[in-house]
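After this come two complexes, each holding subunit A, first together with subunit B and then together with subunit C.
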Partner chain A sequence: MHVKLPVATLAAATLMASSAMPVVADKASGTLNVAFTKELENVDSYFNSAREGVVLQRAIWDGLIYRDPETNEYIGNLATSWEWIDDTTLEFKLREGVTFHNGEAFNADDVVFTVDFVAKEENGVKTQRNVNWMESAEKIDDYTVRIHLKDKFPAAIEFLSGPVSIYPNEYYAEVGPSGMGLKPVGTGPYKVSEVVPGQHFVLEANENYYDSPKGQPEIAKIDIRTIPDVNTQMAELFSGSLDLIWQVPADQANKLAEMGQFTVANESTMRVGYVQMDAAGRSGDNPFTNKLVRQAVNHAINRQELVDALLQGKSKVVYTPCFPSQFGCVQDVTEYEYDPEKAKALLAEAGYPDGFTVDFYAYRDRQYAEAITSYLNAVGIQTNFNMLQYSALRELNMKGEVPIAFQTWGSYSINDASAMVSQFFKHGSLDNAQDDQVLEWLNVADSSTDPDERIEYYTKALQRISEEAFWAPMFTYNTNYVFKDEVAYTPTPDEVLRFVDMSWK
Partner chain B sequence: MLAFILKRLGLALLVAFTVSFISFSLLFLSGDPAAALAGETASGEDVEALRRLYGFDRPMLVQYGEWLFAALRGDFGESYYFKLPVASLIAERLQVTMTLGVCGILFALVTAVPLGVAAAIRPNSLIDRLALFLSVAGQAMPSFWFGLILIVVFAIQLGWLPPSGAESWRHFIMPTIVLGYYAMPAIMRLTRAGMLDVLNSDYIRTARAKGAGETRVLFKHGLRNAIIPVVSLAAVQMGFMLGGSIVVESVFALHGAGYLAWESIARNDLPTVQALILVFSMFYIVFTFLADVMNAWLDPRMRSA
Partner chain C sequence: MTDATDPLSAELQGPSPRQMLKSRAFSHKGLMFGVIVVGLLVLVALLAPLLAPHDPYAQSLMKRMVPPVFMGGTWEHPLGTDHLGRDYLSRLLYGARVSLLIGTVAALISGVIGTAMGVAAGYFGGKVDAVVTFLINVRLAMPVVLVALAVVAILGGSLTVVICVLGLLLWDRFAVVMRASTLQISRRDYVAAAQVIGASTPRILLTEIMPNVFNNLIVIVTLEMAHAILLEAALSFLGLGVQPPTPSWGLMVSEGKNMMLFEPWLVLIPGAVLFVLVLAINLMGDGLRDVTAPEGRS
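Right, the complex of A and B next:
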């Protein structure tokens, strides 16, 4: 009897063999199959804070302004022109003849509705910083609209070309954020034909797309599935059911490149990794209140080696608390070369000839954080390594209980230094420097409408931050895009996957 | 029997309540829900605004009471993350997990019980060694690795099965095997041990002596007695599979309730985690109860307990 036992398994195997998997994804079918790693909470771009959300936002909706990702030049999109009426009022002339995916015509009412809705804090827009600088909008006529700012905010143009997209007023008033998330309607190059929350999104080219600077969509259909495991994504790529994956770790990307069947493109992202130190002594008396110790930390870490060995690709060493392409992120600051002997000497001068022991925190990229602690250990700073969930570390940080930590910041792809340096050095709950001088200069830089004056004051602030060694900025991140050879795409340095720029070879 | 069921029901409610309170407290202590909700790109001020908006600044007991009161009326609230009603979110994801769980346990039983019986009939034979090998391998292999090996062989090399997803029954074959295989060793070893025990007992010798056929001896007299602990084990394994298929769901991109629970914990999505934990603990309670009933049916001696 026992001989018959494996029959069930064999039968199952035969059954499997009888139906071979049809390969659905290719150029012929006109569908580009893409994987997301993370479950996106809501397609409504004002109600998610995920990178995946930005990708869909750029495909489905349009903003008033467009920033060319290559030249960083601002071009009209839903607006044809704009001007500052005064320091806190922007006037836009709107494009005529544009319709939303549901047929609703685009005009000033849509802009007014969208701005008024998102600017109200109680409507709960998730990324408040993207919208909370706006007060309200005012219709002048059907195709002229004014946006009133709460305060002077020169980065307005950058935000209007990025996260602020215009929604159809009648539809949005009716369905709200959850309805918009399930059946999104915009003016963008792609319209949404299917949403299974968090799991599956299908986009179709908008054939009536107006003459936008984004260009016309070439790929007819984009099918996006959420596959949490990178190995599974690679298996799908090998078996032919995916055409493009992104955010592929460096070691995997290197192997994929060697196979020769795929294009592996590496591009920088705006994310900056840095070591934060409690210079203000919020966590109590600690060694980092001493400038010499902070300088020692800066000298102790071999940034170039981290980039070469771990991050690879287009990552670069940085010395500024902002991403180099950001407006105002001047690079003319103190550069601390790798010099462990100097670090030890500085520690000794600060009164720690034998070093000290401190709690070190991190929330992502454990291997980078551990490499950093090993450099610190080498000069005598012993670390108790704590890896926390993001939200837990955030909470500790806001309470000011973190002496030193490896942190990162992606600036939400906003190409303006205020999106990073001003987040952390203006005495907010995440400011571990609490420096009055830096605050004063950043206030001028953030609110001046004169670009030269902004540069001048960012320079002052950034130079003081690096001189005082409040942080030890480390490196910029990069990401790998892997796609089939029949896909033509050149990624941009802002980590936004642009379907409209993709085509079949 | 009624008293037995009522007592069981009371216990179940108490367990569910305790579990929900503990999970709420743990989640609350593990991290700031407002920070998780605001996401990585939010500033400290955004987080404060969200904290006020959702009322996270109030005492934990007040928030728990509020949740409990709504839950008792069948209202599990809205997921902080997905902004969708938790009940419908879970209902949708449970379909995948239940399908997988049922298939997994059936696969485990269908393969493990016969193997266990066969191993017991011929101890130390080739089939026994094979069964032992399978069970050791099953215990030793992490399921994510086994899953990937199956994907490499059946999806990439042979191209017979789709690597991931949940669109058709063919998508469930590999996940079923991986999930079921994990439960197999225990069931098989228990069946083998039980059968060995039973086959050496006096009444089996009596049955053989009175001339009963070998099949009748093995199945009517032998397996029916040996299977009792296996039923309890399978019920527990079933509960485990429904709540613990996280890894399998993640490897095969199945988006079931297990993966949802895992992700919701990381996202501090309190309403979703609370409802899921309630559902999972109910599964354990229901399956343990079912196991008791089945055991009572299989073994009249247990009916009085």
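Right, the complex of A and C next:
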């Protein structure tokens, strides 16, 4: 009996899943079928750190401010205007007449509750950096609110237009993050009608959506299913049970484009791929504590070939530990050209004429990681290849046990250099350089309210990082969106799938 | 002396057992197929550096996924190139080394462990038998793939780890069969006779028991070799076996998987050679059983 039970449940679940699958998935049915590759741990956007979570967050909730993805201009969203009272206080006038999906009216109490909740470290928001710059919020009147910052934080507006979305205070107080994850309620263009963890999410257009800069939703219903395997996703796209897939690898996207039945749109993303090295010697005495070895690694990798052959699309070579469009991400740094002979010479000079063997770690894009190790092997750095899950590698990295790794960082689509360089070079548990000079400059750059001063100090920090070759930044990512010809959509360069911008042709 | 050349006595004597074995072996099609294919693959593995047209590790990102000759490619890469532009034929040849090495060494390790346990249990009986039977039951209760996955995940995948894990996991069939065979043989009169004339236990085990259980042992060795090769491929496919850039057939299948829909040969070629090798080893094992134990043939 105990053995049979799960089988029966599984069979029932399969039946339910197949009956829930739409027979016709197209314009006629009004339902857009989308695939996610990863499963979300929690739909509550403060309690997941996945790209898929950002996509849902932008559809379900709104922030106080909106950044136009094309012009990068900040426009009021739930707030109509804002001003700096002093260096650490922001005052917002809120939009009136907005209601949450459950009918709750939006006002200053919601902002105060949300900010106070997420800013408290013990509430365990997954990505602390998104919220830990806020101290608290203060209600002035029903539609005026002030946010107090812990310290000067010039990127505040960018963060408020990105990861900080406003939750309904009464509902959130009652259900908490887990309840919010199962039955999300926001003010956004789409409301959630169904959440079956690991299986699918159903979004429906919010007919009462206020006059937001995001625009009005046009597609009535969106069914998002979790399908981890790219081949399965493509097969379903062929058979018509999916209308849109994204994050399609370049090779497959090329083949799909050749077929001529689908629109393949390529857009760059803020994700930067880099090789991290243990310059501080946290994993014990290792060759990467030597600057010459780190420079050799930088010279050993053929970035242009990686971009041309593997990443393709709109990817670009980078030498900075940040994405070029980010504020402060100055490109005037040391550029290490591909020169394997020079790499060998540097290794010899560092005392490794015959190279050495080291544990190499990676967590995604095995193909890229293998290509990188192959470049390293070619100059004499032999690698024991270890492919781990993201969380496992992150944990190992926090303990300082990773000598060299292929890593990537997407900056949560925040268009400010602090979202990347300050994340990794300010002596945190993920900082493998532990450089005091860089820390000092970044502290100035991160907290100054004078844009010129910020640029000046980011330049200093970035130049030192590349001169010391703490990392080997390599390339920016791109992503391919593949959808049926009857879907109209223009992707934005921030890797956020915006359902509200989609429509039927 | 004259007897041997006398046609009449030769006819009366008939072919010697060895000659009979030989003629049975040569007329057994499955055995011949298996021996030839395995022989060829062993040869290929040994001569890989001479046969391979390219360095199996040489990456050339500008020439990725070139199709094989029979699908419109060129003879520069007869079986095409993989996702990093490495020559597929060369990787396949070097991959044969990995598969055969793992198969042979894992079968040897488990063979030594299993045979020692099985023969001891069968010959001594009593408490030794009880302990060995208990160990066999414990081992049979463990799902091999799951345990292998767990151990490799903890220790990290490498050639040595995979060989050791498989070697330490696949001894159960050796132990079971050797125990049963030894039990049977040790009751024979010639074993009793050896004991009566005062032969030592090691001597009895080595000269009376072992030669008579050897046929069974060979059959199990081939079966377990095939088993180990498949398990290595499975582990490598899951990313827990042999680590890149070492070429392994299972790893090649795994690397080609993402492009399966558009470039099926990336998966088909290593899959096919893996299939042929395992089939050949199994046919060889079956053939050896048929030839050495004709009474067991139906």
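One rule holds in what follows: the second predicted complex is superposed on the first by the 482 of 505 C-alpha atoms of A that agree within 3 Å, B and C clash if a C-alpha of one lies under 4 Å from a C-alpha of the other, contacts with A are read in each partner's own complex, and residues count from 1 in each chain.
Keep this in mind: contacts are C-beta pairs under 8 Å (C-beta built on N, C-alpha and C of every residue); 3 or more make two chains touch, one makes a residue touch a chain.
As the structure is a computational prediction, the values presented were derived from the model and not from experiment.
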Subunit C versus subunit B on the shared subunit A, clash or fit after superposition: fit
Partner chain in contact with A:A235 - subunit B first, subunit C second, else both or neither: both
Subunit B versus subunit C as contact partner of A:K255, first or second or both or neither: second
First, second, both or neither for A:I140, with subunit B first and subunit C second: neither
First (subunit B), second (subunit C), both or neither touched by A:P197: first
Which superposed partner A:E370 touches (first subunit B, second subunit C, both, neither): second
Subunit B versus subunit C as contact partner of A:L310, first or second or both or neither: second
Touched partner set for A:A173, first subunit B, second subunit C, both or neither: neither
Of subunit B and subunit C, the chain that contacts the larger number of subunit A residues: B
Touching partner for A:I227 - first (subunit B), second (subunit C), both, neither: first
Touched partner set for A:Y390, first subunit B, second subunit C, both or neither: first
CA minimum distance (subunit B, subunit C), superposed complexes, angstrom: 6
Intersection of the subunit A residues that touch subunit B with those that touch subunit C: 231, 235
Of subunit A, residues touching subunit C in the complex: 230-231, 234-235, 249, 251-252, 255, 302, 305-306, 308-310, 366-367, 370-371, 373-375, 377-378, 384-387
Subunit A residues touching subunit B - in the complex, by the definition given at the top: 1-2, 5, 8-9, 12, 16-17, 19-21, 39, 41-42, 47-50, 121-122, 124, 126-129, 177-178, 181, 197-199, 225-229, 231-232, 235-236, 238-239, 241, 388-392, 394-395, 398, 410-412, 423, 428-430
Subunit B residues within the subunit A interface of the complex: 30-33, 35-50, 53, 81-84, 89, 110-111, 114-115, 118, 121-122, 125, 127, 144, 148, 151-152, 154-156, 158-165, 170, 173, 250-253, 255, 259, 263, 266, 268
Of subunit C, residues touching subunit A in the complex: 57, 59, 61-62, 64-65, 83-85, 156, 158, 239, 243-245, 255, 257-262
